[in-house]
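Letters are used for the chains, namely A, B and C, taken in the order the chains are written, and counting of residues starts over at 1 for each.
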């Protein structure tokens, strides 16, 4: 089951995770009341119920939770090109306010359309041709077959657009953290996750954590944590030798 | 003349006639007396009488809208006086080109061979129903049996398609060697792209 | 009263009006003045005058057939008095109403002009795919080429949309108020929210 379908039962919200995000984006849910740690705990509980680590689900979850954290930090809702990390809180608040106002206007327009539709309920008109009308003949000029080739070529060359594009996040590749941690493990048999990712953005921290899960899945490391929210300890697995793996990033999750 | 006119306006039969007018102008096929009676909640006899009134009003030579009784029922048609103008209305000018959606769909079917609507939708990443219906209506594609596994109707290009694109046969389509030498190869490529594309 | 009637009947403007009636009763969508002028071989100004005559005759409350100006053209429809009878015989184009998601999506497309699913999703904060497919199926929106940069299919509203919502053109949509105080209000709320939260 995808992470976005994760059922949540929080104080402020009950329902699937993706609905929570949608409500937050639409300003229908007060973000201050959303317990992000509760979301994480719910996910961890579900993970614990399973024997196998579902890396795809983890990746998606981390991406979504990172989105939520970024939102909560008021730095998410930047314009297409703006670098999120460069946004100061005031600019981010401005951006968020603009975006919410934009959505409000759309809702107003939708309400106007709904009223209009109701008012026009009594207007019946014919859909389709008249019963005794001649069938219109459509003629087409001679066409160039090169247009067909061009159409297919364009379809075959179409760049894949980003999923979750509306969240407008930029994801650093997991590979970057994989190499970094592997290099670290060559020098040290154990390290502390929190101190390694100190100073990174939340998004980078989330992707770094994903890299940890990947290393653990491959049996390269062991993870331990004394208590929830205590520092995460990483220990090199003596049996495994660090090796290069295929590039993998959060976007392909 | 004023007085009888007012009387007619107040007459429920005239009211019924107006409702019938309304029904007939919305209908896409001739309506029977039974259908009209049911829709108006009136009896067949009164509907017949009202139709008689309307036939008088919407009569050839008197009105551009003519009420006609055909085998299946009653329907409005254009008066014969307007035949020439109607001819011009329905004779559409020769169209210069096809929409991007139509061209893409034709390209998929022409290059990959018979495809079903679900296949076309998957490859293009958008629903194909209206585009396919439009191309069928124009005679550029036609049904070609059903997909073996799913049972969906498949479509092929028609001889008219070949004429419009000036092709003796599909083997004359411009080569797409950069995409793949075989239709299968091109199809695989499009499919993997479609999968990568957000739904 | 007989005499003036005959005179009117002999008047070429009335003849033009009858031809227009005929065209409008067989047309499958609203006809623009230009289309009517071309089909009748008459000039636009005279067509407008004749349409004025017809509007008087085919007027709500006076006739079961009503002439209306809609979707950048002229079309006949049933009078509102006959809505109940019509409801027994015909389906409305938007029979079961539209969901909130569908209305929001229509609003985005109608106001912003052609846009793609990712753009709609960005504005609404949720994926738009099934909603868009539903609106295409109902004929309220249609494909309008692909986005130049990303290659996503873009959508526009159709003349049917204008007709269903009874709009002469999209310019009849109410102007949405400028952000103004609302944006400020939201910003204030965000700021107080930020202050209330530790670090």
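As a convention for this text, contacts are C-beta pairs under 8 Å (C-beta built on N, C-alpha and C of every residue); 3 or more make two chains touch, one makes a residue touch a chain.
The shown structure was predicted, so the numbers you read here are calculated from the model rather than taken from an experiment.
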item: Chain occupying the most central position, where position means C-alpha average; value: C
item: Far-end chain from subunit C, centres as C-alpha averages; value: A
item: Rounded Å distance between subunit A and subunit B, as computed from the means of their C-alpha atoms; value: 42
item: Separation of subunit B from subunit C, taking each centre as the mean of its C-alpha atoms, in whole Å; value: 20
item: Centroid spacing, where centroids are CA-atom means, of subunit A and subunit C in whole angstrom; value: 36
item: Multi-partner residues of subunit A (at least 2 other chains); value: 124-130, 132-134, 154, 158, 161-162, 165
item: Residues of subunit C engaged with two or more neighbouring chains; value: 25-27, 76-78, 82, 86, 90, 118, 127, 146, 152
item: Complex contacts: residues of subunit C adjacent to subunit B; value: 1, 15, 17-23, 25-27, 31, 35, 38-41, 63-65, 76-79, 81-82, 85-86, 88-90, 118, 127, 129, 133, 136-137, 139, 142-143, 145-146, 152-153
item: Residues of subunit A that touch subunit C when the two form their complex; value: 18, 21-22, 25-27, 30-32, 74, 89, 93-94, 96-98, 100-114, 116-117, 119-130, 132-134, 154, 158-159, 161-162, 165-166, 168
item: Footprint of subunit A on subunit B - complex, ascending; value: 22, 25-30, 68, 70, 75-78, 86-87, 90-92, 94-98, 100, 103-104, 106-108, 110-111, 123-124, 137-138, 164-167, 172-176, 178-179, 186, 189-190, 193, 196-198
item: Residue ranges of subunit A in contact with subunit B within the complex; value: 124-149, 151-156, 158, 160-163, 165
